[in-house]
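One chain, subunit A, links the two complexes that follow: it is found with subunit B in the first and with subunit C in the second.
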Partner chain A sequence: MSSALTEVRRTTTAAAAPPADRRKKPPGLKRARTFYLFVAPWIIGFVALTVFPLGYAFWLSLTDSDGLSPRTHFVGFDNYVEIFQDPLTLSSLGKTGLFALVTVPLSILAGLLLAVMLNQPIKGRGLLRGLIYLPAVVPPVGAALTFRLIFDRDAGAANGVLSGLGADPITWLVDPNVRYVLYALVLWGCGGSMIISLAGLQDIPRELLEAAQVDGASYWQSFTRITVPLLSPVILFQVITGVIGSLQSFAPLLLSSGSLSGAGTVPQGNYLYMIHVFAQYFSASRFGYASAMLWLLFAVILLVTLVIIKVSARTVFYTVEPEGKK
Partner chain B sequence: MTRTYRWALWLVLLAVVVAMLSPIAWLVLTSLKSPAEMASFPPTWWPQEPRPANYTDAISKVNFLGATQNSLTIAFITTTLTTLSSAWVGFGFARLSAPGKKQLFVVLLATMMLPGIVTLVPTYLIFAKLHMVNTYWPWVAWGLGGSAFLIFLFRQFFAGIPREMEEAAIIDGCGYVGIFWRIFLPQSWPVIAASVILSFTGAWGDFVGPAMFLSQDSTTLAVAMASGYVNDKGLPLNNLVAAGAVMYVLPVLVLFLFMQPRFVSGFSTSGIK
Partner chain C sequence: MTTTNPGLSRRRFLALGGAAAGGALAVGCSPASSTNTPVATGTGSAAKGVVTVMSQSGEFGPKEAKAASQALGLTVKTVEYDLTKLTAMLASGNPPDVVRGMGATETPYLVARQVAENLDPYFEKSELIKADDIDPVNDVWRYDGQKQGSGPRYGFAKDYSQDCTIWYNGALFDAAKVTRPSATTPLLLDELLDEGKRLVKRQGAKVSVYGLNPNGLGLFGQLTWMTDLAGGKLTSDDLASVDFSSPEAQRALTWYLEYAKAGIGPTVLNPDPNGWDGPTFQAGRMAATLSGYWLGGLFSGDAKSAKVAGFAPAPQFDTGRRVSPCFGATGLWMPKAGKNKDAAWKVMEWYLAGEPAKARAAGGWGIPPLKSLQKLMPQKLPYQKQAYDVQMAEKEHFSVTSYTPYVRQDAINAVITRELPKAIKGSVSAGQFADTLNDQINAQLADGKKRLR
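== the complex of A and B ==
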């Protein structure tokens, strides 16, 4: 680090002395202007790529736009009214809620369990961590295709095992079994959750656990009274990101079809909300209605996130303030 | 810890490793099977007559090399621009101050929770109006905007660098741009490495973006993989799917295994919460 510094010194002093008029402006203002120069790319990106599209989607949601024809009519909140009368929209929303309810706790618990085991001093720990994390690195398309092959009716490994055991083959990729394939796919990637929990576990001061041991606490007691409370911010983080992720999941699309317009081929059991959005956008060209669906999803995600934060406020235990000084 | 306990733990973890790796093993085994073998039930575990030709067929059946090139181009644009932009913005949040900074930082953190897909579809319409669909310009725009998570990562790292470094440079007449470019950025290679890995794998794995913004013949490997391997009747050619998927997934896995010790431990010490 000193070499970088001296190098800068050399080059700047060799070039020229700093111009004197640079210090005339009030330093606070100049600093502020520099700050905004640095954060400008993000602010511009945020406005152009997040705020504006959201606003645009909201405007569209009040029209009957099909994205092509110039004649677009303002229809007020008709699209929103229709959402609550469309059985397909409501059922897909319900399925998405169920999907989140099953997969988020499942993958957090699996990840936590693995993290606790891999936090023990055992041989080859690093390699074991890496190998268990490995599936989380597989790109979604690759993972979905792999699971399609495993659960293929004739050539799949799952039915191979079943027939080896003398059981009848199961048609996995259609209703009602297809949702279990989806759950298995999510569980396969629980290494991501494991890594985050592991990071949290390593932050827990060893002295705390040793002190509890000296005081005669059982392993289970120190786990529930020390480890879990200290891990609660990490778990909360995973719950929030997990719920947000699963509410906008389109994984079933990859599991059954290779294109966004192929939403109609997704089996009923996996017909999640985003699938219906894609179907409305790319198959039915109902841009106005689909935009209303997206805005509803946005509102639901916002609401759920706020509720989770509010409800957890009393149970989450912070050792340091989240935005505190280091 | 007793010996038996240690052994039991080891066995459990070994079983998990086998369970985690078996899908990949199945993918590789399937990629070597003949069409006849694919059609027989019950399935064979080991390919009877390994058929390496699946791989050459998988490359010629879809525009594999072209799609790979598109994937690499998009990944390169995303990785370079996102990393540079995130570092730049992260520096601003770490080392400079101005009225409104605190609020902006809260907004930045909140955007990490923003559902990406919700904005992606209207963004598609906007880019379509600007005639930028089927070009790489959307990726340039996304890259320049930076990523909230990476900005946060860079900010954490830059905030930890001693103030003296910056003060000495200021006394020597170096501006903040120079400080960022010549002092802070060269020191931040661990974060740069993380950023490169994350944005590259993110771009390589992305499906919805390319599927929406690019036409079928200029799309990425992820999309070509998902939709390309079908016969005349539209039924999937599963042994070719497997061979293609191996070629699509394996580079990422090899890269990961190569950097695995650094990556996993880096994650554990980065103070992610």
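== the complex of A and C ==
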């Protein structure tokens, strides 16, 4: 009886509630609306400047557009098929993969080494950190042109040094030496990697290292068993961003060894994928094919990133859980 | 499926966005092409409004825009020339009103894509440019759909050069005990190569003075010219294929490979760090260069170079055929989709034939495109007088070379420079090199032709 009465009361109360209360939106919906209102500018920008252009580029990749011709023909997936039949595209993709394989580990290792050194309480380390980081803030165009001057055969400083030592000058900016100049250019900017590693090193709890020291661990043991594992998320971040950056390398290649006038003068050693894309866009005016090449690159980058994340799952140690718990 | 995009369309605007997707490379779909009938509605004071000129700041920059605005009562704005930007502007249906271009190599490409305006009606009504005053070199800006050099005019040169004429450093010739080139009798290409070998100076493995630079404005142009000199043709009559395997083309290729293998001048394997001949010549590090008359403008303010510089006719093979080509004829054209064509023409006319044209003529940085202005070319200094005389005689040997409408010349040059190192290093023969060029360039041409269907 009492339960029935309670039920009646509940019903009555609900029925008697003022209409305004019934219209009141649940707090969750209100929060969601506020959230979407605040993120709307980003969403609009993302759709207009990323999603839509991506879609349009995909459409272009299905055409033979040259940017100027009055007619654009739909060619289906012909451009994608051609990619796998074009030896130049495949060879440039291979060179790009090799470039990433060499430069990313080298750059991260160099940055880590410098970070470890400059994390020590040495005199003038602030100045040293600044000096080493400086090349990373030089615009890539400036850096590339500087390297071009340094490695010029007749007037470059590199051959000036060799000449002072009595050695013959080296043609650095042509094949096969040109790729080493490129590697040097990438390593020159490893200050960026150093700063990230340095930040990661400073985030490692000191008590862990001190505890290891008390337990008799050597410096190397502390480094490999504590520092590197705790730094692994930072290293993973650098690997992923480094690989993406390497696969998209463009301006330094064009400027350090080629010509400002186009991709045609870039030596074969530096003829990486993006240079070929540039040549297809602006020398050959093959907008459709070049767009297909870029979509392929997007797929490759996505695949490589997923593989890296998957492979790293067992080797990366997170001190913070995704939910934020330590 | 074929899509046709007349006028400004959403698709063409959206093409701009597509570029960003793939690495910020601008893309586009089509130009506006609402009519094939050009109409010059007026050339007089009725022209008004804003005119946007896309050019290089050193040619038609803000200073020239200000002068044009004052002289013509218009508002003239400039945009720095950039192919990407131009394509994007054309694709969005908002092109500049006037654009810088190289008539010799670009005219067929632009016309075949219906991008450039037929300027004949404007020339007919022009007060500053009279038909009988137009230098024949301006014919490179004409194209009838099959042959360059005839048909409507789609642009006009601001100045030009016959780009295989030779500038030489007399002091270096004297020091090497090589006879200076004749001002009247053209050198044979084989003689020139031999002289280049004698003129080159080396310090160990390092070249301190280049003996010769025959690279000009791109190897395809040079090889086309040399094949012509040898009595053949590199490009077929329908402009849809090339043949580097003919005996004449082989002669041209062999000559160039011998030059490159001799290591006496810049090549793709040993580029000039200056990027162009001017500074190298001024530094006394280049004995001879096939650069064209325009380079002489550089020496008027450089007493050291002016003292040693000499000018000679374009060389030839021993076939007796003499051709002195123009690969540039840099000038201005008007996009068909332009919004303010009458005013744009006033700006073009003023720049190409008015006060700026006279000033350019006197500067010596090229030959004026109007015969009446050619008497203004500098003749005060000895080298200027000598160059003027040689150049005036050289005009007799100019003829228009037809370039293909199917691909940009850059694309062809990219193939040549990509494959050239193997031939220079000797890992492929001249014949194999020719076969590779034929395969790759003809594939490009076929693809370009297919796109115009």
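In this section, the second predicted complex is superposed on the first by the 280 of 326 C-alpha atoms of A that agree within 3 Å, B and C clash if a C-alpha of one lies under 4 Å from a C-alpha of the other, contacts with A are read in each partner's own complex, and residues count from 1 in each chain.
In the analysis below, contacts are C-beta pairs under 8 Å (C-beta built on N, C-alpha and C of every residue); 3 or more make two chains touch, one makes a residue touch a chain.
Everything quoted here is computed from the prediction, not taken from an experiment.
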Based on the superposed arrangement around subunit A, label subunit B with subunit C as either clash or fit. clash
Touching A:Pro121 in the superposition: subunit B (first), subunit C (second), both, neither? first
When the two structures are overlaid on chain A, which partner does A:Pro229 contact: first (subunit B), second (subunit C), both, or neither? neither
What is the contact status of A:Ala32 with respect to subunit B (first) and subunit C (second): first, second, both, or neither? first
Which holds for A:Arg286: it touches subunit B only (first), subunit C only (second), both, or neither? second
In the superposed arrangement, which partner chain does A:Arg71 touch: subunit B (first), subunit C (second), both, or neither? second
Based on the superposed arrangement, let me know which partner A:Ile301 touches: subunit B (first), subunit C (second), both, or neither? first
Who does A:Gly269 touch here: subunit B (first), subunit C (second), both, or neither? neither
Partner chain in contact with A:Val174 - subunit B first, subunit C second, else both or neither: second
Once the shared chain is lined up, is A:Arg129 touching subunit B (first), subunit C (second), both, or neither of them? first
Across subunit A, the partner (subunit B or subunit C) reaching more residues is B
The only stretch of subunit B that collides with subunit C once the two complexes are overlaid, out of 9-17, 99-107 or 117-125, is 117-125
Across the two complexes, find the residues of subunit A that touch subunit B and also touch subunit C. 48-50, 52-54, 56-57, 60, 67, 148-149, 152, 154-156, 159, 169, 248, 250, 259-260, 274, 277, 281, 287, 290-291, 294-295, 297-298
Provide the residue numbers of subunit C that touch subunit A in the complex, in ascending order. 1-6, 14-15, 17-23, 25, 27-31, 33, 83-84, 87, 90-91, 110, 113-115, 204-208, 268-271, 273, 275, 407-408, 410-411, 413-418, 421, 444, 447-448, 450-453
Given the complex with subunit C, which residues does subunit A contribute to the contact? 48-50, 52-60, 63-74, 148-149, 152-156, 159, 168-169, 171, 173-175, 248, 250, 259-260, 262-265, 267-268, 271, 274, 277-279, 281-287, 290-291, 293-295, 297-298
Please give the residue numbers of subunit B that touch subunit A in the complex, ascending. 1, 6, 9-10, 12-13, 16-17, 20-24, 26-27, 30, 33, 37-43, 45, 85, 88-89, 91-93, 96-99, 101, 104-105, 107-108, 111, 113-123, 125-126, 128, 141-142, 144-146, 148, 151, 159-160, 165, 168-169, 172-174, 176, 178, 180, 182-183, 186-187, 201, 204-205, 207-208, 211-212, 222-223, 225-228, 236, 238, 241-242, 245, 248-249, 252-253, 256-257, 260-261, 264-265, 267-273
Across the complex, what residues on subunit A touch subunit B? 1, 4-5, 7-9, 12-13, 16-18, 31-39, 41-46, 48-50, 52-54, 56-57, 60, 67, 114, 117-118, 120-123, 126, 128-135, 137-142, 144-150, 152, 154-157, 159-160, 163-164, 169, 188, 191, 195-196, 198-200, 202-203, 233-234, 237, 240-241, 244, 247-248, 250, 254, 258-260, 274, 277, 281, 287, 290-291, 294-295, 297-298, 301, 305, 323, 326
